[in-house]
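Quick one: the structure is below, and I'll ask about it shortly.
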Amino acid sequence: MAVTVCASPAAAVAGVQDGSTVLIGGFGMAGMPVALIEALIDQGARELTVVSNNAGNGDTGLAALLAARRVRKVVCSFPRQADSWVFEGLHRAGEVKLDLVPQGTLAERMRAAGAGIGAFFCPTGVGTPLAEGRETREIDGRTHVLEYALRGDVALIGAHKADRVGNLVYRKTARNFGPVMATAATTTVVQVSQVVEVGELDPESVVTPGIYVDRVVVA
Amino acid sequence: MSTGSGPLDKHDLAALVARDIPAGAYVNLGIGLPTLVADHLPPGSGVVLHTENGMLGMGPAAHGDQVDPDLTNAGKVPVTELPGAAYFHQADSFAMVRGGHLDVCVLGAFQVSAGGDLANWHTGAPDATPAVGGAMDLAIGAKRVFVVMELFAKDGSPKLVPSCTYPLTGVGCVSRVYTDLAVFDLGQDGVVVREVFGTTTDELAARLDVPLTAALVP
Amino acid sequence: MAVTVCASPAAAVAGVQDGSTVLIGGFGMAGMPVALIEALIDQGARELTVVSNNAGNGDTGLAALLAARRVRKVVCSFPRQADSWVFEGLHRAGEVKLDLVPQGTLAERMRAAGAGIGAFFCPTGVGTPLAEGRETREIDGRTHVLEYALRGDVALIGAHKADRVGNLVYRKTARNFGPVMATAATTTVVQVSQVVEVGELDPESVVTPGIYVDRVVVA
Amino acid sequence: MSTGSGPLDKHDLAALVARDIPAGAYVNLGIGLPTLVADHLPPGSGVVLHTENGMLGMGPAAHGDQVDPDLTNAGKVPVTELPGAAYFHQADSFAMVRGGHLDVCVLGAFQVSAGGDLANWHTGAPDATPAVGGAMDLAIGAKRVFVVMELFAKDGSPKLVPSCTYPLTGVGCVSRVYTDLAVFDLGQDGVVVREVFGTTTDELAARLDVPLTAALVP
């Protein structure tokens, strides 16, 4: 249904429930929707499961959400970075659970959720601890592990421009998880640099069609 | 519950479906009768049409100089592009369909069962070349599937049936059926008659082999 | 590896083996690589399995390939059209086999092949004759049927422009199966309207990166 | 088979890997030592670099005014864009990786087994925060996986081993190992020593717990 252009990040994240699964875009800081995460901290939802490639940098954004003790579990591929002290401290103390997923499998599981695919057989991780105890199958001479769709209640992503019907374009490698997460959540909230009029984006170059977008805010 | 003076013609039927499509909805209209629904969407409704060959924001049929062989709908008819359109490839288009992102899909049918099963792709005749296209994806993918069809076939047999005799397109997927004689809701309450046109629920009950419930007048 | 810009459609389709699986782009005539199909007829490969959304229109292109008796089997979603008399005649006579696949499943099976996914659980077609006798599984309360990746030896597709490293852009709904088939074949051959210099296509708007393209020809 | 005067430093090692990357290849270079390979690709080689965060046609590291926070490599280091580049999202990027479209991937390693198993994501230490990123996808996805590493760890233990003691990244995926002391091919013929640097195959055989075969001099 039609997109809402919100007046503030607070309005954009209104209504996130305790216990939600929140997909958060970005790879490091590129594409990270910092204003939306800050608004989510103010909004106050607790016991969140956060799905994101990393587990926060420095003391802002996702790291601040973690530090505010709003997150029960992080599903990610690469929590250990030079400046991921907040997550590492909480994880070591047992205060945040970690579900480690290979980066491509993480993206593909969200794509599956958005694409109505229940599960898929994937060769990544076979024979490693991340596939231990999981269902496998030989297909075409190769062992695959069964991976399930990963769906979000809310996606918070960053993009470059939106038009007023929610079509999105991104900038360079800041595109990363945004387009996939937008398809995989019940409600998709986008932080953009600019909202343009309908007709200003080239229909050949739209990366995320407006059908996947619920709320947009300039921040 | 409105009752007109007689059965609806196909344009009235298309208008009736259009009336029930919410403003701002993302909608796929099947080939044939469902395509007519587009002509009856009110201006400014913000309804966005999806065509499964790879586009959102499809406009009306193209005529004359507007015709572009690279821009057609799923029926291969030349169409136009509206502002705010977006193009995508087939895997992305059907990810959108199957992933439950379309608000409404309007399809034609050979038969619909009381339980919402849809048969619209194959008559089952052994010499017919079967062709399914995107019908099965649309049937199970859209949030709501509306069927628009005549209630009786040319030979007089009902097309709303206890159970489909034609090969199925999807199981339990149809939520509403628009016909020339009545509109039916299919769901947990069985087959509910929402509106009749030039007939009565009792008359329909006599001609159909499925139990009918009259909708409570709101 | 690097793309070859071919001098003729004949050069572009050289080497297709008898018995190959050939993915042919297009939805009706939009995006149909007619010059490549005509060159394939001249090239002479036989016993082909053709994967394409339709089964030929009129007497040209794919219909002509069928009429030349080069095709053993057609894998498609919609063979019956107003002008599909060639396929219908051959199929009724038992001279061409038909493997009918729902359109979205057809696209997704090729995407899986290109994406290294062995198989996936898909809700489309459950309870219909097209899923009869197939493996199914209940996931999240919904029945899914197991669908396998569908790979091609060769893909013949149409696009709008290529640059000299094989990046492609398409025009409007002629995009259809091209981007998916390009990923799913060992050798991808593209008929384009124009080849432009490297740097002329906007990196944000490239639809098929050159990594998926082997041969390009202007036709 | 060249033999230099001593072990290779990391730049010589990177140059050695670069020499073996075919012109026009699509290549992913892992974080750390593998990244140095880019500096040694000859101009005009047509090698196209993939970065799994969503780009083909990655250029050298960005400096000064070139730095754009929206353009980084997989190590989150600002990089530049070359003509002919293309951007794509994560699902498309890893479809490319897992689907076998990259010609070569160059990765670092903690350990490589004689059978080509790779361990490069986790030391197995119970207090270490595990992080895998795209390592497992790259390990099983690229047509050829090259490892570049020092042959012995700081404590003197070999990193080319009969079987990995660290948690695996991928099984039987490594086809060649470039080290400061030698280059090894892993395959059906076991571990074949292609080149040695300031040492001999016999000396290496004495220090490694895996059977070595000297390559036939071409």
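As written, the chains take the letters A, B, C and D, and residue 1 is the first residue of each chain.
Simple rule for what comes next: a residue touches a chain if its C-beta (ideal position, glycine included) is under 8 Å from a C-beta of that chain, and two chains touch if they have at least 3 such contacts.
Chain-to-protein mapping (UniProt): A, B, C, D = 3-oxoadipate CoA-transferase.
This structure is a prediction, so every number in the text was calculated from the model and none was measured.
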Between the pairs C-D and A-D, the one where more C-beta pairs touch: A-D
Whole-Å separation of chain centres (CA-atom averages), chain B (3-oxoadipate CoA-transferase) against chain D (3-oxoadipate CoA-transferase): 55
Intercentroid distance (Cα basis), chain D (3-oxoadipate CoA-transferase) paired with chain C (3-oxoadipate CoA-transferase), Å: 35
Distance between the centres, which are taken as Cα means, of chain C (3-oxoadipate CoA-transferase) and chain A (3-oxoadipate CoA-transferase), whole angstrom: 32
Rounded Å distance, chain A (3-oxoadipate CoA-transferase) centre to chain D (3-oxoadipate CoA-transferase) centre (Cα mean): 29
Multi-chain contact sites of chain B (3-oxoadipate CoA-transferase), meaning residues that touch two or more partners: 55, 81, 87-88, 94-95, 97-98, 141
In chain C (3-oxoadipate CoA-transferase), residues with contacts to at least two other chains: 108, 111, 115-117, 122-123, 170-172, 203-204, 207
Touch-based graph of the chains, sorted into line, ring, star, complete or other: other
Pairwise chain contacts, counting only pairs that touch as defined: A-B, A-C, A-D, B-C, C-D
Footprint of chain B (3-oxoadipate CoA-transferase) on chain A (3-oxoadipate CoA-transferase) - complex, ascending: 1-2, 111, 113-117, 163-165, 167, 183, 198-199, 201, 203-204, 206, 209-212
Residues of chain A (3-oxoadipate CoA-transferase) that touch chain D (3-oxoadipate CoA-transferase) when the two form their complex: 27-31, 53, 77-81, 84, 87-88, 91-92, 98, 100-108, 110-111, 122-130, 170-180, 207
Interfacial residue positions of chain D (3-oxoadipate CoA-transferase) with respect to chain C (3-oxoadipate CoA-transferase) in the complex: 22-26, 46, 48, 50, 55-57, 81, 83-88, 94-103, 141
List of chain D (3-oxoadipate CoA-transferase) residues in touch with chain A (3-oxoadipate CoA-transferase) within their complex: 51-55, 68-72, 76, 81, 87-91, 93-95, 97-98, 117, 122, 127-137, 140-141, 167-171
Complex contact set, residues of chain C (3-oxoadipate CoA-transferase) against chain A (3-oxoadipate CoA-transferase): 108, 112, 115-123, 137, 139-140, 142, 144, 148-149, 169-172, 202-205, 207
